[in-house]
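What follows is a pair of complexes built around chain A, which joins chain B in one and chain C in the other.
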Partner chain A sequence: MSRTTEQLYADLATVMATAFPDRDISVTVGPETRVFADLGMASIELIVLGERLEQFYGGKLPYGPFLAGLRKQGAEDLELGKLVEFLQSHVK
Partner chain B sequence: MPDVVVNGTRLFYQQSGEGPDVVLIHAVTSNQAVWVFTGLPDAIAAEGFRVTTYDLRGHGASDRPPTGYTSAQMADDFRALHAELGLKPAFVVGHSFGGVIGIHTALLHPECVEGVILSDSFFPGLRHVEPNFGRSNVWVDLQATFNEVGVDLGETVNFTRLFQASATLTPEQTKALETLVGPIGRGWLRQLPLLAQTTCGDEVLAEAGLTAEKIASVTRPVIALYDEFSPFLATCRWLEQHMPNCTAEIIPEAKHLAVVENTVAFTASVIGHLKRLAAPTGLPLTV
Partner chain C sequence: MVVTVTAPAPQDAALTTGWDSEAFVLQGADRAELRERVLTLANTVERQAGISLQEIAVRLAVELRPGGSRLAVVASSSPDLVTKLRRAADRLADPKCKQIRDTNGLYFFEQPLALQGSLALIFPGEGAQYPGMLADLCGVFPEVEDTFSWCDRLAADAGRASLRNILHPTPEETVAAEAELRKLGPSIFGVLLADLAVTRVLQRLELPVSAIAGHSAGELAALLAAGALDSETMLGPSLVEIMDLMQQLEEEAGGPEVALLAVGAGRAVVEEVTTKVAPGVIVAMDNCPHQSVAVGPSHLIAAVESALLERGLVCERLPFRRPYHTPMFEPWMGRFRELFAGIPFHQPHTPIYSCSTGARFPNDPPSIRELTVNHWVSPVEFTRMIETMYADGVRIFVEAGPRGNLSAFTEDVLRGKPCAVIPANVTRKSGPTQINHLVAQLAAHHVPMNLVNLHGSLDLASGGRDSPVQVAHVENRGVTSPARQDTVAIMDGYLSVMEQFLDTQREVMEAFLSGRPAHVTIPQELFAFPDFTPQVDQQPPTTSHQQPPEFCFVGDVVHHELGREIILRRTLDEREDIYVDDHTLGGRGVSRVDPAQNGLPVLPMTFSLEGMSEAATLLAPGKVVIALMNVRLYRWVPYDPEPTTFEIRASVTSIDEQTGVVEVRANVRDLSNSFLQDGANKPSSEATIVLADRYPEPPEPRPFVLTEEIPCKATVEELRRNMFHGPLFQMLRSLDRYGKEGIEGTLEVQGRDHWFRSNANPRVVIDPVLVDAAMHILGAWHLEQPDWSGRILLPIGMQSLEFFGPIPEIGSKLLVRGYNEEETARQARHGVELFGTDGRPWFRLTGASYWRFYLPFGDVNFFGPKDQYFLCSRVPEAEVSDASRCYFLDPPLDLQQPVLRASGMRVTMTPREMASFQSTELDEAAKSDWFFSRLVSKDAVRSLWNTQQEGGTFPADMETDVVGDRIVCRPRDAATTDKYPPVATAIVKGKVAAFSAFAEQLGIGMVLVKKGDAESTLRVEAAQLAVADALKIPADGWRVEVGKKAGQLLVTHAGKKLRVQTARQKDAIIATTICEIDPA
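Our next item is the complex of A and B:
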């Protein structure tokens, strides 16, 4: 059975809190939260986050193509809602 | 987190695909995200290569030791990373200073390198043939951005000055710069003051033994991809004329960072050259 949206947001908050302990993100996580503009993340931290998500879920995710696809679409930031949609498609 | 400790420094790396090894090396003040966001690692892996990207010391998610930033020292980091990860002789794709590291590794540790693809690299050892070093368009753009908040970076490329200027910005200047560089540029801006605590600025512009004569002695195949509006086209011509096994190609509609500025053309060129270089070696592509 797939994880619910709520579970995925909770997962994301857990992974981000562990990966970036300096940031208080728990209160700001929502579908429209932007990783660069709102969370102040750097591009390399997004790469680290992908790697940590793979560790958390115990398997490889097509995270690179996901990020490259966003850039192709002209996106200048990543909303967490998009990331959760991606996880919903690839995490059991 | 995939880390490898080399020469006492923890480097963050990622790997994908199976087949002959390709290692992507980013430029000074950049990190491996520049490759990932353009899709280049996955595009190369899809063609039957194993692709490794990593953050140089002092950059991205790797450790930031106070010293050890010359191309010779970073070539030794490459050698150690190559050994730790058990890579086969690799094709190195290096942007700017990443290409200098690739050539220096081919010179000092040829057993680690099968070939080098340069992307718009400036070589401190070729400063005498490069009239545009001081007027690099990338530096001119950066200088203009910092000028808008009242900071003078000087006429000539000077990383130490950039790092130190970034470390002494007022909160107001920082905020104004962050607005100018946009959300993605903020992360880049934040790392600059940290590099002021290192010797990176001066050391990446040091010849470090990679003289013109030594560059010309590298026998591994070298592909010199230079950008149509690059400030370093004299370097491109010199490499083509003096290196024994060098092929030059111009990437259109780019000025220094072709992988971002013309992703389609750069990716096609890199993959085409990698497949051609891998074929005569008999290295099996695992498509």
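Our next item is the complex of A and C:
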């Protein structure tokens, strides 16, 4: 059974807290939160995040193609909602 | 990471014209007092609507003293400040809270890093640029505006458009500016300007900078900031010249074949893939564990990209084709080196780290220059450099330039370690706000700085943002001095402790390595490798500056820290190293007049490996070398007529205390040679040497199944004739059987008594001649192939070379097998196994990569006999009759590289010609013209002469001279020039054509075809040039008509129609004439 949206947000919060333990975020996190503009992440950290998500879920995710798709669309930032949608499609 | 309540959303970057936020640094004697002050300020601001935030910020800055507990806040409005202060107060109330790092502008560190380590500036290079960078700082910091204005002035002086038009474009121009900024010249220049502007802002803060480094072109900014480059010389016309040159180099160097691939993974992952898929691809930038840039021919990059994508990795093709930071850029380095030769360098006042070596720059100016220039052909070792800086005590990195890329890289490199990496500029925050974030974080880490000076950027003359600020600033100008003195004292103390620690650790390492107890008692946790005790060596401890050991390739020990690192130097002298007479690039026996004339002596790759292995063995005495891994070969090390200095550097990278296995990373280089001038001082090869207490058990042989196996057709003698190795290296005794997958033969281990003139019993680690000789079996495999195109193979690297026992006895007859692992158009990858007398593998080589050279010599074997071969292409269509010859050469880039060109000279020119070449001051392009025009002329004359003679003529037995404006050929060392037919030569943009005929008057003309040109018009032009050349008069608009023969034109001169033969050769139209009059 797939994980619920709420579970995925909770997962994301756990993974981010583990991956970037020295960061504090004072914004309200939601689907529209942008990883670069709002969370202050760098693009490399997005790669790190993908790596940690794979570790967390214990399997490969098509994270590279996901990011490549965003780039093709000309996206300048990644909203957490989109990331959660991606996880919803690929995390069992 | 803590996720909490709502705060005002951060501002996106937008062009502002002034301060849009303030940095507030609060201090308390301890955390409790700090919290009290935080709450007090929050209450004050809340109560007093309209209170000046600037005034608060400056007053706080003025009150700042060393020590205590600090909180820094960046806020853009009173409500924002209050929200953040209250949040901070909540966090500070929680004793579990050790730090606050909220990128929206809240910083607190219970253990500030300025008390734990030092601060470094890191400068970004190209790639950091973006349109509009720092534009919003121009109105805030006069020095930023001044820097960009200087750019305007420089452009005006040079009579060109200012780069600022691209750097700070109007909204309508942004897209075009972005494209322009991707070009190498503007990007380097633009980022350098931005780096300098940021540096000037940082100077205002008086930061205690203890180290400086740059990434790629950012090294120029680093050198300027450290005082190693003369800013007055550099920041003038030279800079424009460098920018122009870089742009030109990019346009010339890039080609459709070269591609760059950014990969969301570190070097190890990328190299793992390239080793399997395309060993020719180079990791040109090792930025961090999650980003590297691979460079290589497009088709190989495509293969690598596909393999990486299959692994789910993020890849992105970069929109340019610059093979810089790879040896592929070497052919364009000549002009760059010439340019830098005229720029003075100085001893830096602050230590600089090199992104080529990952270590500190040397202090002497010539070495700094060499390393700086060679950075363009050396991979960017950013990861290694940051690790070194961290190991040297840097804990705070400030990125002094635009965008913040390096900060992301650095954070990634040091992930999990205590450090602060702070960009001075990012694209997602306004310039002034990011400066405030920088200042806030530095202050929170207790970095001593002149915060008041930051506010001095206000227009004090007009009262600044608020007049109280001015008063506060003036009254408290002196407050920073005590703080700085205190910090210096703290840093001195810290450094002293660090030195003691390092000394202790060094002593412990020496003790363990030499098997004696340490002199001092130190806690176990300081032991990096507590169980690392050698099993065998019981020699007395090694000390610094010891006498050279007996290994054959070790000269002077320049530096030696046992168990850590070693630097060795030895002289490369052809008279002493007589083995090199048998290793001559270009071939052997190239002259009938002087049978001893050979190609260019070059250091065999295996001797570089021997040198590195010896250095590694000195670092871990008592251990044996069991493998060399990830061997990379970047360039040849030629032997000069005069001795040169060869350097080996090695350092221990890991020790496995369980197994006793030690890994040493090493590289070698010559410090100068006449071919590369100051370009020599860069690694020529590098490898990881693996040592252990004993050799591993020999493994089972690799599967060796030969489909359609047949006995070898080529003989050992034929193989010898087709390789450039002399008798010392000729150990193969039989070539037995071969198939598609490999080849098998035998060799005999030869003595080592004739390697060196003064050492008949050299002590070796791997026996470099035996290893080299075993690899000759691969040459035999290629000799068996029906297609010889691209069979000139030169090694570029190897995945691993493993040893399973001591060197076999001299006289042993051993089985050797070569494996064909992969063959592509540009590379061949092989393996070799050499079996001991017990029939089990003694060494195993895997992933040996060879670059396939396609020199334009048709079937000619570059290493074979030259009297029968013509090195250039004949163009019979351009010959007027059978009694004439026309040859053409478009010198390939491979052959224009200084060392390969030199080897070509050694096998085709006479000693007098070579001496003449050496004594003539020419730039690289002129050197190529000098050599190739003679080479092609010799081919034309030899070819024609051979129609009259039995047997061939070696090019090196024919001497050229210039009489008038013509090359003339004569027998070597002969005074007369009338033996050989005359020759006419034309050179256009490096392409050379030569025409020889038994005729009194002969001429040649050549024009290059450009897209859209009418070929018939160009043939007319070339024909007129040929007649002018023959008659030695300027070309004129002579009438030209078509002749009867294909390609023939008739040029009317003085009432006579002169026959001219024209032909197209690639993109050149060649015309030749002997001024025959057409009877019609």
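By our rule, the second predicted complex is superposed on the first by the 89 of 92 C-alpha atoms of A that agree within 3 Å, B and C clash if a C-alpha of one lies under 4 Å from a C-alpha of the other, contacts with A are read in each partner's own complex, and residues count from 1 in each chain.
Everything below uses one rule, namely that a residue touches a chain if its C-beta (ideal position, glycine included) is under 8 Å from a C-beta of that chain, and two chains touch if they have at least 3 such contacts.
Computed from a predicted structure; not experimentally measured.
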{"item": "First, second, both or neither for A:52, with chain B first and chain C second", "value": "first"}
{"item": "Superposition-derived comparison: chain B or chain C, residues of chain A touched", "value": "C"}
{"item": "Touched partner set for A:17, first chain B, second chain C, both or neither", "value": "second"}
{"item": "First (chain B), second (chain C), both or neither touched by A:61", "value": "second"}
{"item": "First (chain B), second (chain C), both or neither touched by A:29", "value": "second"}
{"item": "Touched partner set for A:71, first chain B, second chain C, both or neither", "value": "both"}
{"item": "Where chain A meets both chain C and chain B, residue numbers", "value": "36-37, 40, 42-45, 47-48, 51, 64-65, 67-68, 71"}
{"item": "Residue numbers on chain A that touch chain C, as the complex places them", "value": "13, 16-17, 20-29, 36-40, 42-45, 47-48, 50-51, 60-65, 67-68, 71"}
{"item": "Residue numbers on chain A that touch chain B, as the complex places them", "value": "34, 36-37, 40-48, 51-52, 55, 64-65, 67-69, 71-72, 76-77"}
{"item": "Touching residues on chain B, where the partner in the complex is chain A", "value": "1-2, 12, 14, 16, 31-34, 36-39, 41-42, 55, 60-61, 182-184, 186-188, 190-191"}
{"item": "Chain A partner contacts - residues on chain C that touch it in the complex", "value": "1-7, 9-10, 12, 84, 87, 91, 99-104, 106, 264, 288, 290-291, 309, 312-316, 404, 407-409, 411-412, 415, 428"}
